[in-house]
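One structure, pasted below without further comment.
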Amino acid sequence: MALDSKIPQGPLADKWTNYKNEINLVNPANKRLIDVIVVGTGLAGGSAAATLAELGYNVKAFCFQDSPRRAHSIAAQGGINAAKNYQGDGDSTYRLFYDTVKGGDYRSREANVYRLAEVSANIIDQCVAQGVPFARDYGGLLDNRSFGGVLVSRTFYAKGQTGQQLLLGAYSAMNRQIGRGKIKMYNRHEMLDIVKVDGKARGIITRNLITGEIERHSAHAVVLGTGGYGNVFYLSTNAMGSNVTAAWKAHKRGAYFANPCYTQIHPTCIPVSGDHQSKLTLMSESLRNDGRIWVPAKKEDAIAIREGRLKPTEIKEEDRDYYLERRYPAFGNLVPRDVASRAAKERCDAGFGVNKTGEAVYLDFASAIQRYGKEQAYVRHLDANDAALVKKLGQEVVKTKYGNLFQMYEKIVDQDPYNTPMMIYPAVHYTMGGLWVDYNLQTSVEGLYAIGEANFSDHGANRLGASALMQGLADGYFVLPYTIGHYLSNDIRTGPISTDSKEFEEAEQNVRKQVGALINNNGSKPVDYFHKKLGKIMWNKCGMSRNATDLTEAIEEISALRKEFYNEVRVPGGEDEYNEELAKALRVADFLELGELFAKDALTRNESCGGHFREESVELDGPQKGEALRDDENFTFVSAWEYKGEPKDAVLHKEELIYENIELKQRSYK
Amino acid sequence: MSGLLKSSIGRKVAMALSGLFLVVFLTQHFVINSTAVLAPELFNTWSHFMGTNGLVQFGLQPVLIFGVVFHFIMGFALELQNRKARPVKYASYKGGAAAPWTSRNMIISGLVILAFLGLHFYDFWIPEMIHKYVETHPEDPTRYYAETVHKFENPVRVGLYVLSFVLLALHLWHGFASSFQSVGFNNKFSVALSKFAKVWSVAIPVGFIIIAVYLHFNQIPH
Amino acid sequence: MKLTLKIWRQKNAQAKGQMVTYPIDGIDGDMSFLEMMDVLNNELINKGEEPVVFDHDCREGICGSCSMFINGEAHGPDRLVTTCQLHMRKFKDGDTITIEPWRAAGFPVIKDLMVDRSSFDRIQHAGGFISINTSGNTQDANAIPIEKIDADAAFDAATCIGCGACVASCKNSSAMLFVSAKVSQFALLPQGQVEATDRVLNMVKQMDEEGFGNCTNTGACEVECPKGISLENIARMNREYLAASLKG
């Protein structure tokens, strides 16, 4: 099947408006006859479910958590971008579009990104009307902060809990519809298969996590807002339950998986402390606005610190290497995430790491505290030369900006970041890849849609900070409700979809077979053993920097691990009860397949772009020596993989990326 | 309004308001009693007034009794409901780590005060009712002081009174200040008001204790 | 560290549960409490026993899933943290740790340490929202300036993660802190005024129907709340409720 991205004709700025004017609509009475399934209740799924229900469709929403409010969007800290230009600093729809495409290293689809930038302003209006308490300035207007990779201040925020506040907004919109009976909510349900009837997605098979019951649910269309697959690395900033299962089952039913190797490794996470580690904690990127990143300039100092003989505060200014400011004078500490992460790895690999594992760098607030303290002293007409006073005033300012992040850091690491620099290290955070979708957000399976992190379309090879929330809500509130209507307008006479068809029967039996096999496997190793092992392969061979040899090995190793998993995994307990090990086993089984496709995709893409860094593809000389080198001639396309049995046998379909409005350039943040 | 009293918040407000009413009553009771120490003549005059004035006897007294009964019944009802809200108890529950004893044991201090009220009625109110309405003695406006003093002759009774006042203080320590929170009063005056309530909660029961002890040690011949 | 764990085990909602004792060794101070539980669970699986079930997801203190009553306190002895952020350095070698599920009629046990908190969802369905359409045709976000102090107070109330520690800690199993946080968030914002009357009446009604106890102002909820939600919110809700009741 050839990939048709269905991008509307016409000038970039008019595409979305023209599209909306031309699509078919479903009249309100007919919407009542149409069912839509939404899987996942994060920002994308939650907002989509609420909006579809409000439009009049009958929505069935599913989440594996005990409440929609707990989806992992809740953990996003820093903020949400919108081209409001409230600060008057030259922002515009075009600039947000441009920054996003450039930040994504020219591997995203122009039309989708422009639409995203276009609706971004609406999101803020919408959320404020819903009662989302964004930060405000003393004049009562909305405040903004700046974020990595851009030169304007367009990020709206609610302290360090922006994701939480936005999700609670979407959740409240859902609550209103649940209260009206327009959304039927299924908590603690895991989707385990897609059901296709006559080539169209017409339902899903779920497992009730409490009772173990395998259930059939039908609808006229299925929407997946099931997030990313960062947990393929075992350690990531994702929630423990975040998984690829829904997307992977869709893939196995014919949905192409796009760019699986595009992973974002976030530069500011709390470093790993030991083998027991179950997950990594992110410190918002907004910290890079005020924190300066450094390692000791002398290797002996780094060693002394690792051995506990030296404190960071004892290292003199001239003996510190502010390597981001040194390498990238124009953007300094605010370079995009992929650049910052690789730079940290480069320093640590060179032996300058600062914690006992040697995998950490400093994020220092001392100069910000000085700067803010002085400013406050002037404002309040106090003595700006009183060092203690300046420090106190500065700490107060830093506390109001990042108080909860500092508190979180102190709880986890047991060190006071107001007085000693934080330690950070990159961690897997977000996956730009996902199900391939066209302009309508429809996957290559008719009637099956993917929104938010679950799809691939907007962030290219690297996502800018504060853009994930924007995309999730844009898809759910403002894009999908239009595009799905166009599809559903053909279904007004279809009537209810029966769950008694042979397709439902086949899908259910499929799920039962898989569940039964795992439960009765009687192996000797717990699920976590395999998950950790997979994570190690992924991190070491498909992590921040990749090469052909490692990737080839990874494919074989993952394939072998998968065989071992099916032979050796032990799932205690029964299938008709709450059984977390069973749920985990079902998820890890899919990660074990995805991981292999991931490595294959990374191997195929022999260029460095965004979060995907191939050691074979770097600048060989000049001022950019050693920096990532994109290969636009050969790789300006989306890799969309079609499932053919074994993941490594997947067939590649290329969607050529056509840039009509932006000139492709090597990214430079120097 | 009946819906209001069925709701958790309505009942909470009712507890607070009836409690505040009893606080006012207690203040008035204390002021009159204090004259037993400061000015026995005045004590007789005021006691006579309170005991014979129609408005006090047939207007305020029933309101007071209703207030007391209401506060107790509502308190019990809420306690029972609250116990039902946790059908399975914790094996380990560190209530003291998060909330003071006084706030967690209002039912205990309340029950002691209820028992005390029984004794107090037996001591004063019932004899008074019998004296006035059953045996219908002619009114003697000078009898109150001596009768009161004689009640405090027995050290056991004084001890019981003192103990009850201590529990009353503990009850008020939480109850008085918290009633403002219950009726939704929470603003820049709250801290000051709460401090006043705490001081009052100690001062009034201590005052009652002083009166009881003083009368015990300053007996007059029968 | 060597520890003795006393953990509530209960097969399902209907079964009778009991405390079971497990010794555990090799615990590191840098582990989170849940990572310590992971160690125990992997040991149990290796021994062929069933692991202890507990709710958890984000493990960074924001999703509100984790819910353990540890040594007599919700989320354990540390303040302003959830169980997932409680670290083992707060315990000493040789300690005995009692671990129980939230106990409340409004939170029935599902299995072991996992409880059903859907009552919180139902309270939100009753009015935890502002009824505006999600069409995107709303007025500009800066059209209504909101005083910073109100915006900040609304935010502070809105940081509630719905974990249920307030109910678990309250001697009366009262859910007032949770409900008042939501009521407050909207009561403090101009957008929330239009539906204020119905919202507080409906949410309190649902709260009462769910079988939670009454607030007696002990303040335990505020102390144990991992997000530091203030009792002021309860006062505000009382005020809102009274005003709404009188308005009818």
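Should a chain be cited, it is by its letter among A, B and C, assigned in written order, with residues numbered from 1 in that chain.
One rule holds for everything that comes next: a contact is a pair of C-beta atoms (placed from the backbone, for glycine too) under 8 Å apart; a residue touches a chain by one contact, two chains touch by 3 or more.
Note that this is a predicted model, so its numbers are computed, not measured.
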| Which chains does chain B share as contact partners with chain C? | none
| note | Note to self: most contacts are between A-C
| query | Hey, which chain is the most central one here, using CA centres? | reply | C
| Chain located farthest away, centre of chain C as origin (C-alpha) | B
| CA centre of chain B versus CA centre of chain C: separation in Å? | 37
| field | Intercentroid distance (Cα basis), chain C paired with chain A, Å | value | 26
| request: Please work out the Cα centroid separation of chain A and chain B, and write it as a whole number of Å. | output: 62
| task | Flag every residue of chain B that touches chain C in the complex, lowest number first. | result | 1, 3-4, 6-13, 78, 81-82, 84-95, 97-100, 103-104, 106, 174, 178, 181-186
| remark: chain B partner, complex, touching residues on chain C are 6, 8, 19, 69, 71-73, 77, 98, 100, 103-106, 109, 169, 171-174, 176, 204-205, 207-208, 211-220, 223-224, 231-232, 234-242, 245
| Which of the residues in chain A come into contact with chain C in the complex? | 47, 50-51, 54, 65-70, 72, 74-75, 84, 86, 119, 122-131, 133-142, 158-159, 161, 163-165, 168, 171-173, 175-176, 178-179, 185, 187, 210, 237, 239-241, 273-274, 276-279, 281-282, 407-408, 411-412, 414, 477-478, 526, 528, 570, 572-573, 577-578, 580-581
| said: Could you list, by residue number, the parts of chain C that touch chain A in their complex? | reply: 11-12, 28, 30-32, 34-35, 38-39, 42, 44-46, 48-51, 53, 55-65, 78, 80-81, 85, 87, 89, 110-111, 114, 116-118, 120-121, 124-136, 138-142, 144-148, 151-152, 154-155, 158-159, 161-162, 185-186, 189, 191-192
